[in-house]
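This is the structure I want to talk about, given as structure tokens.
We just call them A, B and C in the order they show up, numbering each chain from 1.
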Amino acid sequence: MSPVNTSATVRPLVKLSAIRKSFGPVEVLKGVDMAVEEGQVVAMIGRSGSGKSTLLRSINGLERIDGGVIEVDGECVDPGQIDLRALRQKVGMVFQQFNLFPHLTAGENVMLALKVVKKQDKAATRAAAESALAKVGLGHKFDAYPSQLSGGQQQRVAIARSLAMAPKVLLCDEITSALDPELVAEVLGVVRKLAEEGMTLILVTHEMRFAREVCDRLVFMHGGRIAEQGPPAKLFDRPSTPELAQFIGMVEAR
Amino acid sequence: MAYSFDFSSLLDYTPVLVDGVATTVALTAVSTVLGVALGIGGAAARTSSVKPLAVVVGAYVELIRNTPFLVQLFFIFFGLPSLGIRLAEWQAAVLAMVINLGAYSTEIIRAGIEATPKGQIEAGASLGMTGPQIFRYVVLGPAMAKIWPALTSQIVIVMLGSSVCSQIAAEELSFAANFIQSRNFRPFEVYFLATALYLALAVGLRWIFSLMGQRMFAKGVSRA
Amino acid sequence: MLNFTLWDILSNLLLAARWTVLLSLIAFVSGGVAGLLLLVARVSPVPPLRIAAKLFIEVFQGTPLLMQLFIVFFALPLIGIETSAWTSAAVALTLFTAAYLAEIWRGCVEAVPKGQWEASASLAMTFPEQMRHVILPQALRIAVPPTVGFSVQVVKGTAVTSIIGFVEVTKAGTMITNATFQPFLVYGLVGLIYFALCYPLSLSAKALERKLNVAR
């Protein structure tokens, strides 16, 4: 599905090796290895508490890992020495709760980091923000405050805010879970469009149909490890671990 | 800068300091008990349906909260004798502290009372309890649990504020410090030590109140 | 100087009250600036800064303003700074105000949802950038009512500076009492002057808070 070359010789854009993370005495990630190539769309699924969010948040340094190596586009991130600023310019993140800045308009939300982090001039930030908002179908909401937008619109602004930074990879943690059911489609539509345009995406999602249709690869997390991964069709139709079979049964029973 | 610190000369004055600390503790203890009692009464009055009572207590609270403790103290100690009310230094100090803490705790406890869910009062009423009974048995306990931290902070502030009672020659800790530095001419060291003692008192006071709070409110009251 | 009219007393008190107002303003403004620095240190990601700020705040909130005044008054000369009641009062009240405001504002910073920190961090903003553009604008909005409320404590705090000999309205009251032997009247008037200064501040703090609660 991805238009970009996925041959094994390409160096992966995101490479996780033996990632470990504990909260106090509880080990939440118990050695996770994963590689994501440019243009790939990867969905992480798994039960609540299996460590999906923690893994995702480690990739842009929101969680400090206790062991292992994270490499993003050649930017090596070991637990000791992290140039977070460089890393985070390459890794965008969209959150379940949108986390728009409530005191800024949609346009200002998008422009802020362009101005203070990328140090772009006024005209450039304005143009970039306008095009990012247009891309998520909200060009007309440039001057609206988050409180004046629906949940779906807020989440699309949040996506635009990340996209405007021109990240190499976008992380999405259950970005439709806080939305009313009728608003889910508009956000998934935006994500689908990004996938088609070749954006590298790592998603945590409970939208199984969406995962099946859009993703190149499914990663099933269980108990702090990757229990199984592969093409969605294979995992859904012929799960090789009982845990995944059970998980799929549980999800489909809903 | 050839100043050399000398704390050793303070040793001779240990008994004076001990007396000062004891007096500060005593002043604080007495005015806490009386002041919080006044605050409970004040809060009951402020939330009562008897309008004039609520207004009078409201005026008292605002008057005290918007004037300095030092001026309240001077008014009581130097001013009241004109009305024939003559108080000893420690009496004036206690009275001023009680009136001061009473006003603040009225406000604090009132906030706790007003946070009581209506349903609980109605439940009490439906059991045939009278207004005062509802206040005593239904409202007060949870309200106190809720405002305990705020009340603790206010009591600490009153304890620290009692240092100005030295100005009417009440022989508390800062009076002791003034006395010592007038003898040994080591003001910096003396006040430094007195300050450290106040800090220890404040920490101790907070600790005691948090223990008391845990004991009194541990059962059944969730702290939100 | 034997017969004082009420007007003589009041006008002298009001003249002295100018110093109360001026000292309050200075303490509040410079304490606000120092408090902001202290706040930034208190919530910064640098542990030594955080601990130092926390200690500073705890010491100033755990000791009497009077002792702080005495220490400043007697310590400044030790480090070679010429001192007067006026400078000591300004310095001590500034530090006192800074400690309390920093703690009040920390509460406001902590009321900003964690997601705001995470979202701005994931946009590659540094701590100062997060503070400046994302956190403080939101925190300061809710900080206005308690800050105005605290200004009352600053005005009242200036009364204590009379003890180190700074002639503001309380000290003037004592001096006038000594001349007129009318403590009831004089301290009553002194109290009313403070009330006239503080009560409007208290009222506006309350009004601002009500407005903020409605807006939310």
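Simple rule for what comes next: a residue touches a chain if its C-beta (ideal position, glycine included) is under 8 Å from a C-beta of that chain, and two chains touch if they have at least 3 such contacts.
Quantities reported herein were computed from a predicted structural model and do not represent experimental measurements.
Arrangement of the chains shown, judged by which pairs touch: a linear chain-to-chain path with two open ends.
Chain centres here are means of the Cα atoms, and by that rule the chain farthest away from chain B is A. Relative to the centroid of every protein C-alpha atom shown, the closest chain centre, again from C-alpha atoms, is found for C. With centres set at the average Cα position, the gap from chain B to chain C is 20 Å.
Computed from the mean C-alpha positions, the centre of chain A lies at a distance of 47 Å from the centre of chain C. Centre-to-centre separation of chain A and chain B, using mean CA positions: 54 Å.
Residues of chain A in contact with at least two other chains: none. Interface residues of chain C, counted against chain B in their complex, comprise 59, 61-68, 70-71, 74-75, 78-80, 152, 156-160, 162-163, 170, 173-174, 177, 182-184, 187-188, 190-191, 194-195, 198-199, 202. Contact residues of chain C toward chain A in the complex are 113, 115-116, 118-126, 129, 133-134, 137-138, 141. Those residues of chain A that touch chain C in the complex are listed here as 60-62, 84-85, 87-89, 91-93, 95, 97, 99-103, 112-113, 116-117, 158, 161-162, 165. Residues of chain B touching chain C in their complex: 1, 3, 62-63, 65-72, 74-75, 78-83, 156, 160-164, 166-167, 174, 177, 187-188, 191-192, 194-195, 198-199, 202-203.
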